[in-house]
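Shared chain: chain A. Partners: chain B in the first complex, chain C in the second.
Coming up: the complex of A and B.
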């Protein structure tokens, strides 16, 4: 009986699985094929070559990839450091206040990312909100805050905050309280408890949160355009330029493939290390 | 009995808002003893153990370990440790790493650590191959032993146990109870065990402390607590018991409604030191009540009829309803089975030497 149920289940899910597979994979396949076409063609019926990948190294595109990855990495680390105490509070200390905090943070997701970033631009720009008040009241100026690397990292941290906070809180909630107490009872200092108990037991949450923040930040575009004023050209910017201004689809595809590959490997590697089931609430 | 207390609680009070969980607790725990604190749920025993371990601080009073005051010392600075009810093993660590944890915290080298862990596995009758096992691969009884090994690795002055056996099935619990007694003898450590199970307490402990609503009712060896309880609570908590209210008349003689008392009893009673008009409770355990044959008499006698008979395994329990509607419980060994029919009129009785008087406060 159970086996029949299983078969029927698989069969009934088949149409949806196929639809999802086609709609997710087809664009990827198209991009992958385009990436091995000769430069500046608009058809996949050409003799394959790898000139677009060669361009990645020869034309210096790897520099913007390094910028993207570096900024994503820095923002992920900073996000983790900011979110850990807050997530710990939400999972273990705050009680009912956690709900308020959750709603407050989740609310920011309702407003579009671009609009929120424009808000920061208006706040921080020369003659903007802060600068204006400072000048009127004390005659001070606030200049040079926008259009540099650090403000892009700030933007990344600001935008991807919920993507680190919530998985982390979920991960911390999974730490059994008695394990922490037992560790303390056996002589562990608060730091040792953090190191020996909290961090390993919250690792699924840490991995998911870090992965989400890193992947999203590495593929982010708006922060560097709006806050950074393109002081730093990020990798996604190069991809966009190749497709639009450059009219070089194979180059754009190759660059996109490189990013997908790096992030894909990272994701598979991290996910394989943790037990996602336990985080989704299924018992081992 | 050893004489110097290793742990000493003086006038300890613990209040949560308006609720007084512990009300003026005084307790001396002696070096090397096995003390069990028994009480119904809500009696404050878990609160008490949390204070002794250092997970909470008393509202009033002091706690002393040898000659050092420790009530404000956090748990990680105290040389005591606890085996949790949930065991609180670290799921992300192997069996070996769990046992070695306290040694790792103390900065012991990995080589010495693993040697000690293997010794402890052996001490607790676990095969060496368990060293690399995952916690989730171990059964309930094995996890129990691992938790104990981890506590022993810490080499504490006192090991506290917070009902660690309560989740196990009956047979395994019985086995582990005896192993715990054996381990206590071999290690010579001071064990303080809390439980709501009287049986567990009787099997294992040197002394038993009975707790009720935040206070100790009685602290003594099992024998005394069983046969000479100081209160009705202790008497009824320590298994089945028959209790009768008694009054003394103007001559100081005991009277109990519905019970015939042989007059010679009063001269036999050595503890007859009740003042006139005293009141109290007379207690007799079910195994000392007899079904009387014709012409047989006892110091105390009641007429009634046999209401019910229950199988208890090694014993059989009878309920006898008396003419004035009180109920007496009787237990007989299987070989002494009473052959009366249900509903039959019976005369039951017991002797003064098997009774215990609990005066009213």
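Coming up: the complex of A and C.
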């Protein structure tokens, strides 16, 4: 049985492995090689140097990276705080409403993120939905909300909301009700139950949710372009500029590599600690 | 442990608030799309549907729809196939590299799509492929095929391997087991994975951005218009894109109900 499982497992994984080897691994290798090429070449047949990485420090690209990482971090923390009560409700409190919420939130995922962000521009702009009605009804104005740093964080929170909510709800659903009941019977305060039972036992969900939101937010582009009006140049924007207007592939590759390494290290350590089988509902 | 009534009340209200928050921007897009004036200001005084008419008649828009559709259909078919086998390796068989395989599949999902698109662009260039809608299919697959695998894997987890083992003990070949047991049991998962693959590909923007070359998809065109000056067609075309997704979902839901009632 074991030998057969080995054979079938290898065979059935092949299409996926091939797909990822050709269109995920290979591009990353090419980017890695390009990142150690001299400036502005378009072929990997050159003598390697590390000038592109030196540019990262000397030309101030690290500032954009810090901005991206900081905004990703802030939005992840806020996302965790606003998603936790809702995820708790979905996993433990709501009955039918959980299904309604799940469908409502999942439906937003199929709408292009740029359409949704554009919707926020229409909602928040001068003469937009909120400003327009505030003015007509109460004579109030809403101005200067768009095109700054905080609105980019707002956009990140909005776009990556499902990526925090669903893993959290999954994690909270894994907390055995007995453990919470026992703690309550023994006189634990709600805060203590949260701290000593809920948070540790839901940690796989917390890790996956936080990792997903952080990583995706750190590599986000559309939020700063549409909502932020490029008030802050995010790191992905620098990568794009280097590849397109700058026509400097080695620089773009080096910048991309730095982001990839940060994300790769984070993802590797977090994912390796998690049992995906139990999280996705293995019965055995 | 029962939560107090006040907590339940608060959480429900919070849930409703979140739904409002998530859909508010789409409400704005919808109202913008039926505003008559060329330059949009709220509150809208005169409504009209002529932007929709313009959008439907525009040859540019039909080209965009055609490109998006081509990409989405091919991505869907391949994602269903690759995902079906991938899900078996992921959830069903206990093989040597199962653990590693599970983690490798998650990686592309954890990857910022815009960066992935750029990496693919260099890769295509360095092997001499000219980016077009076909290369965008590959880009979409990197992200969507793993998601499709996970969706089918959830279904695969819930089926009892004893069924397959019993069939094997009775002398069925691997091929017969696949055809008679595995495929029928997983087919609902494969269909939902296909549906999701289609919708995710249809609405995808960051992966298409750098990989379609001279071709353009619907979300890409919308983005270009949003960044480089407003076009009154943007809200209506945006809503056509959303609306077609919703119609597809409704059709899928009705089809599922019909199949279920026929099966009874």
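Please note the rule applied: the second predicted complex is superposed on the first by the 268 of 284 C-alpha atoms of A that agree within 3 Å, B and C clash if a C-alpha of one lies under 4 Å from a C-alpha of the other, contacts with A are read in each partner's own complex, and residues count from 1 in each chain.
Methods note: a contact is a pair of C-beta atoms (placed from the backbone, for glycine too) under 8 Å apart; a residue touches a chain by one contact, two chains touch by 3 or more.
Treat the numbers as computed from the prediction; the structure is a model and nothing was measured.
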- Query: Which partner does A:186 contact after superposing on A: first (chain B), second (chain C), both, neither?
  - Reply: first
- Looking at the overlay, does A:197 come into contact with chain B only (first), chain C only (second), both, or neither? first
- Task: Check the residue A:233 against both partner chains and state whether it touches chain B (first), chain C (second), both, or neither.
- Result: neither
- Message: Touch test for A:133: chain B only (first), chain C only (second), both, or neither?
- Response: second
- Please determine whether it is chain B or chain C that touches the greater number of chain A residues. C
- Message: By the touch definition at the top of the document, which applies to A:74: first (chain B), second (chain C), both, or neither?
- Response: neither
- Message: Tell me the contact category for A:117 with respect to chain B and chain C: first, second, both or neither.
- Response: second
- Please indicate which partner A:176 is in contact with in the superposed arrangement: first for chain B, second for chain C, both, or neither. first
- Message: Taking the stated contact definition, name every residue in chain A that is touched by chain B in one complex and by chain C in the other, in rising order.
- Response: 181, 184
- Note on the structure: Seen from chain A, its contact residues with chain C in the complex are 1-2, 4-17, 19-20, 22-24, 26-28, 30-31, 34, 42-44, 85-86, 88-90, 92-94, 97, 101, 104-105, 107-123, 127-129, 131-133, 136, 158, 161, 177, 180-181, 184, 211-212, 215-216, 218-222, 225-226, 236, 239-240, 243, 249, 252-253, 256, 259-260, 263, 267, 271-272, 276-277, 280-283
- Query: Which positions of chain B touch chain A when the two form their complex?
  - Reply: 53-55, 74-77, 81-82, 84, 86, 88-92, 101-102, 104-106, 136, 150-151, 154
- Task: Provide the residue numbers of chain C that touch chain A in the complex, in ascending order.
- Result: 1, 3, 7-8, 11-12, 14-15, 18-19, 21-29, 31-32, 40-43, 81-83, 85-86, 88-91, 93-98, 101-116, 118-123, 125-126, 138-139, 141-142, 145-146, 149-150, 153-154, 157-158, 165, 174, 196, 199-200, 202-206, 210, 218-219, 222-223, 226-227, 234-235, 238, 241-242, 245-246, 249
- Message: Touching residues of chain A toward chain B in the complex: what are they?
- Response: 176, 178-179, 181-189, 192, 196-197, 200-201, 284
